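Heads up, the next two complexes both have chain A, just with different partners, chain B and then chain C.
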Partner chain A sequence: MARAPYFSSPSLQTLALQNPAALAADQHAALLLGGFHPVPTGDGLIAPQAKQGQDEDRVARVHDTGPGGAGTLDRINVAISNWVGDHGGRLLLGLSFPLLLFIVWQASSLYGWLPDQILPAPSLVWQTLQERIADGSLWDDASISLLRVLRGFTLGVGAGLLLGGLMAASRKLHDYLNPLFLAISQVPTLGWVPLLILLVGIDEGLKNILVALSVFIPVTLGTYQGIRDVPHGYREVGQVLTFGRAQMLRTIILPAAVPAIFTGLREGLSNGWQTLVAVELLASTEGLGYQMSYGRQLFQLELVIAAMLVIGLIGFVFDFLLGRIENHLQRWKVAA
Partner chain B sequence: MKRTFLAVLLGGILSLGTLGASTAFADQTVIRVGYPGVGVDNQPYGYGDSVSLAHVGHFLEDAFKDNPNIKVEWTFFRGAGPELNEALAAHQLDIAAGLGDLPSIVGRARGLKTRFLLPASEHGSLYLAVSPKSNINSIDDLKGKKVAQFRGTNLQIATDAVLEAHHLTEKDVKFVSLTTADGLAALTSGNVDGSFGGEEYLDLQKRGIVKIVYASKQDAPIFGTNSAVFVTEEFEQAHPDLTQKVVTAFVKAAAWGSTEANRPQVFEAWAKAGVPVASFAEDFEGQTLARRNTALIDDFIKARYADKAAKAKQYGLIKKDIDLNSWFEPKYLETALKELKLENFWPTYDANGKKLTDGMVESQKQAAAQ
Partner chain C sequence: MSTQAKTRLARPRLTRIWRAAALPLVLLAAWEASTRLGLVDPHQLPPLEDVVARGWSESRNGDFLTALAASLGRDLAGFAIGAAIGTASGLLLGFYRPAQSILGPTLRVHRQIALFAWVPLIAVWFGAGEPGKIAFIALAAFQPSLINTWRGVQEIPDRFHELAAVLTFSRLDFLRFVGIPAILPAIFTGLKAALIYAWQATIGAELFMTIAPGIGGVMMQGRQLFQMDLVLLTILLLGLVGAGFNTLAGLSETLLLRRRTS
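Up next, the complex of A and B:
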C-alpha cells in the first residue's frame, strides 16, 4: 500500500507544522486530501491528527522535536529516524539472506569444503577488489560496461515505447505485428549471437544491438499493456473535459500507464545488464564480463567473484533508481 | 501416505546397500588422463607433442593390457590448460598430459599439488596470422589492434615475451580470448585483425586465407612454447608403481616420436586432429623430431620453466613466486630410461640451448643419411 508520496519529503509537513498560514491554497488542499488534518495545540504549533497505525508512530516522532520548533539538525535527525523506522525492519530482513550466504562462504574456505582455487576465500576477493579499485581498472571496466548498457537501454526504450504505443493505439497494427513480435521474443537474446557476429562482427555494434533487443521486448510489452489498461472511466473524463489528443496523452493516459511501463523498464534494464555481461563473456576485449572471462582463463577466480559482486551491485542500484523515479512519477496517486 | 513414504525410503536405503556391495568387489583403478586441447573440429585428438603420439599409438593402454583391473581414461579439454586446471583442482584427473607451461605454472602458483614428470614438447611454434590485405606486417604494428588469443594457455606467455621484446605490453593490444577453433573462424571472417596460434594457421596461409607475419622459430628459444606431463601428488603417493608404468609408456612414445625414420608416421598421427601433414612438415622444417619431442629433464627445460615463471610474475599473470625445485620429479624418468636402455638416446642442452652431450638418436639419423 503506497503512502501518499507527496508527504515523503518532510518539508511540506514541517512547513505545515510551523506556519500553516504560509501554505498556498492548493498545498493546503493537497494536505487535506492526503489525510493530513492540522489541529492547533496549545503551544502555537499545530500537530497533525494521527491517521492510522503506521502514521501514528511517525507523527509522534515528528512531534517530539521540542517546543522551540524544528531546527535543521533536528529535522535531519527526525527524517533519518523516520526512515529507519519505516524501512529498518525490511532492511534487516533483506540483509539476512546475503549474510547467511556470506557465513557459509567463509566457513567453506575455512574448512575447505570447496578447493581454494575454485572458491577463493572472501578475504582474497576483498583484497582483489581493493587492488582493482586502487589501480583504477575496476572503474575502467565498470564504466565501459555501464556506457554500453546505457546506450543499448536508450535504443531499446526508444524503440519499445514507440512500438508499444503504436500497437496500443492501433488495433490493426497490433494484429499485424504482434505474432512476429511474440515469435521474436521467444528466442533467447544470446541465441542471436552467432548470426549477429557474422553480420556486425564483435565490436560495439554487437553489444548495442543485443542489449537493445533484450530491453526492447519487455518495454514494448509493458507499454502496450499499460496504455491498453488505462481504465475506460479515465478516458471518458478526458473526453468530457474535451481534452485534445496531446493533453489526453500527457495528463491521463501516460500517468495511468506509468506502473506497467515502469515494470517493463525495470525488467528491460535488468535484462539488458545481464545480456551485456553475457556478451562480454563471449566476445569482448574489456568490460566487467571480460574480467570474468579473463579471471577464469588465468585461474584467478577471485577476479570472477569480484566482478560478479560489482555486477550485482550495479544491477541493484539500477533497479533502486528506477523505483524511485517511478515513485516520483506516481505522486499524483493518493493513498487509498 | 506416510506408509508409502516409509516404504519408498526403506527400498531406497536397501538398494543403496546393494550398490555399495557391488562396487566393493570391483576394485578397479582408473587412471584419468587429461589432454589440454581438441582437434580443429573438436576431434578428441591432440597434436605437436609426444603424448598425442602415446594416445594414438595406445602406448598407455598397452602398458596395462595384462592387468584387467586398470583402465586408462583420456579426456580432451576444449578449454585447454585453464579448463584442465579446473579439473585438477576438483580432483577429477590423475595425469595431466601435455599441459602447457603457463597453465601449469599458474596452477602451481594457486596451490595445485602436481609433480613434473617429463616434458611433452619443447620449442613449440608461435605464429601471428593476419588477413592477407591487412596492414599489419610485424609485431610492432599490433598496437591498438584487436587480436584473438587463447588466454591462459602457453600461447599467452609466449606472446607476452614477444611483445616485451618489441617494447609493447598486453595493454597495448586488445586481446579477445577465443579457443583455437573460434580464433581460426574469427580471423577468417575478419572479426579480429590478427590471431596468435600454432601450426594450425599454416594451412590457412597455404590456401591464401591468412598471411603469417611472425614465427617464433626465427626468434630466440625463449619465445617457443613448452608442455609437460604432470601427476597429482595424491595419485603419485597412492600408486607409485602405476606412475612409473605411465612414465615408461610416455618415454617409449617419445622415443618413437624422436626417431627420424618415423617422421611421416609421426605427422600422420598428429594429422588425426585435423591439421594437415604438410603443416607439420613446414613447422618442423629444419628441426629434428628429437629436439621437440625430447623426454629429458635437462638444464634447458628447467631454465625455460624458470624463465616463464619469472615472466609470468612480471606480467602479473601470477601473484607469487613458485618453488620450481621441488616440482621436478625425475626419478620415474630415470628409471624408465634405464629400463628402456635410452640413457644416452637424447642429447642434453644447457640453459641457453647449447648442446652439452650428444644423443644416440642423432647418430641414428646420420647413419640413415649415409
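Up next, the complex of A and C:
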C-alpha cells in the first residue's frame, strides 16, 4: 500500500502509514493551523503535537473542507455542502440540472429556436407517450424487446456461468478454452452482425445469438474471476469441515463469488440491452429499437425520444433489480 | 542455468502454447474438412484457402488498409474527444462536490440509456456523415471514462486526505501529489474501457449511419454481395484491432504506473 513517492517527508509518511490513529481529525486540524512541532517518541517515530488554544471557528472550518488550502471558494463550497447535506436540498440539487435542461428545451420549442424535426416540443413527446400507452402499442413494443432480451440473457448467462465455472475449476480446461474465448471477446459484438445475417437471417435467431453473446462474455469473466479469487482460507474451512464438492460449491464458493458474478451479470444485462436496441435498429420490424428507426425515417423525433425514455427506464429497472438481488444474496456479509 | 532446469521451465510454457492452439486448430480442421467433404454450402462457409487468398489479395491492393485507416481515424478522433471530456468531468465531479450534487444524478440516469439508442437522435442532430459518427463515438468513450474517474476520486482513502492536511497541501498540491497519482489506475481503467467502447461504437456508427469508407462499410458490402470470405476477414480484422488496443492499453498502463509499484 505504500505510495512513497508522493510524500516529501519520510517521517510523516511512516507516521501516517504506521500510526493512522495519530492523525485524528482534531489533531491534524490543529496541526494545519498551529504549525508542526515534531516530538521524538519512544519507537523512533515523530509524533505531532498540537499547539493549544486554537481558534475554534477556524478549526471547524478546516474540518468541513478537508484537504487543501482555505479560501473563499472553500467557504462557498462548505455553504453549499451544508445546504446539500439535508436530504431535501440534495434531491433539489440533483433535479436542478434536468430541470434546467427541460426549461431550455421548453423555451426552445416555445420560441421556435429549432424546428420540430430537430427537437420536438416536450408536450409533443408527452402526447406521443400518452397516445402510445393508450393504444397499447408502447407496451407491445416494450414487451417484444423485453422478451428478446430475457431470452438472450438466459442463454448468455447459462453459457457464461458454465464456461466461467469450468475454467475456474480446472487449470487445464482454462488453458484450453481461455485463448479462444479471449479471441472471440476481442471482436465488437456488432461486428458479428453481417456474418450472422448471412448465416441465420434477420429473424429472432439473430437477436438471440447476439444478445446472448454480449451477455456471455462479461458473465464468463465475472464467474471465472469470482470463483478463482475465493480466498484460500474459505476453501480450507470447507476442507476442515470435510465438505463434499457440492456442499463446498453451494455453501462456500458460490456465496463468496457472488460480487464478481453479479458484476458480470449486471454488465451482461446492460450489454445485452444495448445490443438488442442496436440490432432492432438495424434489422427488425418490431420492438423499441425498430420504433426509433421508424421515427427517424419519418423525421418524427418525438417517437424517437419517447422510445429512448422507455429504453432508459427499462435499463434503470434492470440495474436496480439486479442490485436488489445481489444485496439479498449478500446478507451473510452483514452478519459476519 | 543447467539445460535440465531450462527444459523444466520451458515445458509449462510449451504446454500452454499447445493447449491454447488446440481448440482453434480443431475448429480450423473441422472447417477445412466440412468444406472439402461438401458438408456445408460454400456460400455460407467458403473453403479456408479461399479466405486466405482473399485476405492476401485485399491486403495487397490496399483496400483493407484504407478501410482500416478510415475506421481507426474516426475511432481515435471520437475517443480523444469523448475520453477528454469524460475524464475532465469525472475529475470535476469527484473533487468539486456541488458539481457532483447537481450533475451526478443526471449522469447516473444518462448511463442507463442504452448507447445505441442515441443513434437516431445524433444522426438527426449532427448528420449521419462524419460529424455524427464522431459524436456518437465520443459519447461512447465519454461514459466509461467519466464513471471510472469519478469513482476513482471517491475511493481515495481518507488517510490520504488526512496526510495532505497534515502536510498543509494546497488544493493544487493535493491534486498533484496525492489526488492524481492515487486515481491514475482508475483513470486508466476508464480509458481502457473507453477505447473498447469507442471501437464498438465505431463499428456501430459505420453500420447504422451513412456508408462511409471503413471496416463497417466493407462488412456491409460483403453482406450485400454475399461474400462470406470478405465478412470473415473483416471480423478477423476487428478482432485484431481490439486485441491491439488491449495490448497497447496494457503496455502504456504498466509503463506509466511503474513508478507506483517500485
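Criterion: the second predicted complex is superposed on the first by the 224 of 336 C-alpha atoms of A that agree within 3 Å, B and C clash if a C-alpha of one lies under 4 Å from a C-alpha of the other, contacts with A are read in each partner's own complex, and residues count from 1 in each chain.
Here is the rule we go by: contacts are C-beta pairs under 8 Å (C-beta built on N, C-alpha and C of every residue); 3 or more make two chains touch, one makes a residue touch a chain.
No experiment lies behind these values; they were computed from the predicted model shown.
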*Touching A:S96, do we find chain B (first), chain C (second), both, or neither?*
second
*Mind working out whether A:F316 is in touch with chain B, chain C, both or neither, as first, second, both or neither?*
second
*If you stack the two complexes on chain A, which partner ends up touching A:I118: first (chain B), second (chain C), both, or neither?*
both
*Touching A:A283, do we find chain B (first), chain C (second), both, or neither?*
first
_Which partner chains sit in contact with A:S293 here, chain B, chain C, both or neither? Use first/second/both/neither._
both
*Go through the superposed model and pick first if A:I197 touches only chain B, second if only chain C, both, or neither.*
both
*Comparing the two partners chain B and chain C, which touches a greater set of residues in chain A*: C
*Footprint overlap on chain A, comparing chain B with chain C*: 117-118, 197-198, 293, 296, 299
*Give every residue of chain A touching chain C within the complex, in rising order.*
3, 5-9, 12-13, 16, 20, 23, 25, 28-29, 31-32, 36, 48, 62, 66-69, 77, 80-81, 84, 90, 93-98, 101, 117-118, 172, 175-180, 183-184, 186-195, 197-199, 270, 273-275, 277-278, 281-282, 289, 292-293, 295-296, 299, 301, 304-305, 307-308, 311-312, 315-316, 319
_chain A residues within the chain B interface of the complex_ = 115-118, 197-198, 201-202, 283-286, 293-294, 296-300
*Show which residues of chain C lie in contact with chain A when the two form their complex.*
15-16, 19-24, 27, 44, 96-98, 101-106, 109-110, 112-121, 123-125, 159, 161-171, 173-174, 177-178, 181-182, 196, 199-200, 203-204, 207-208, 219-220, 222-223, 226, 228, 231-232, 234-235, 238-240, 242-243, 246, 259-260
_Contact footprint of chain A on chain B as seen in their complex_ = 82, 85-86, 89-91, 103, 106-107, 110-112, 146, 151-152, 174-177, 186, 189-192, 317, 319
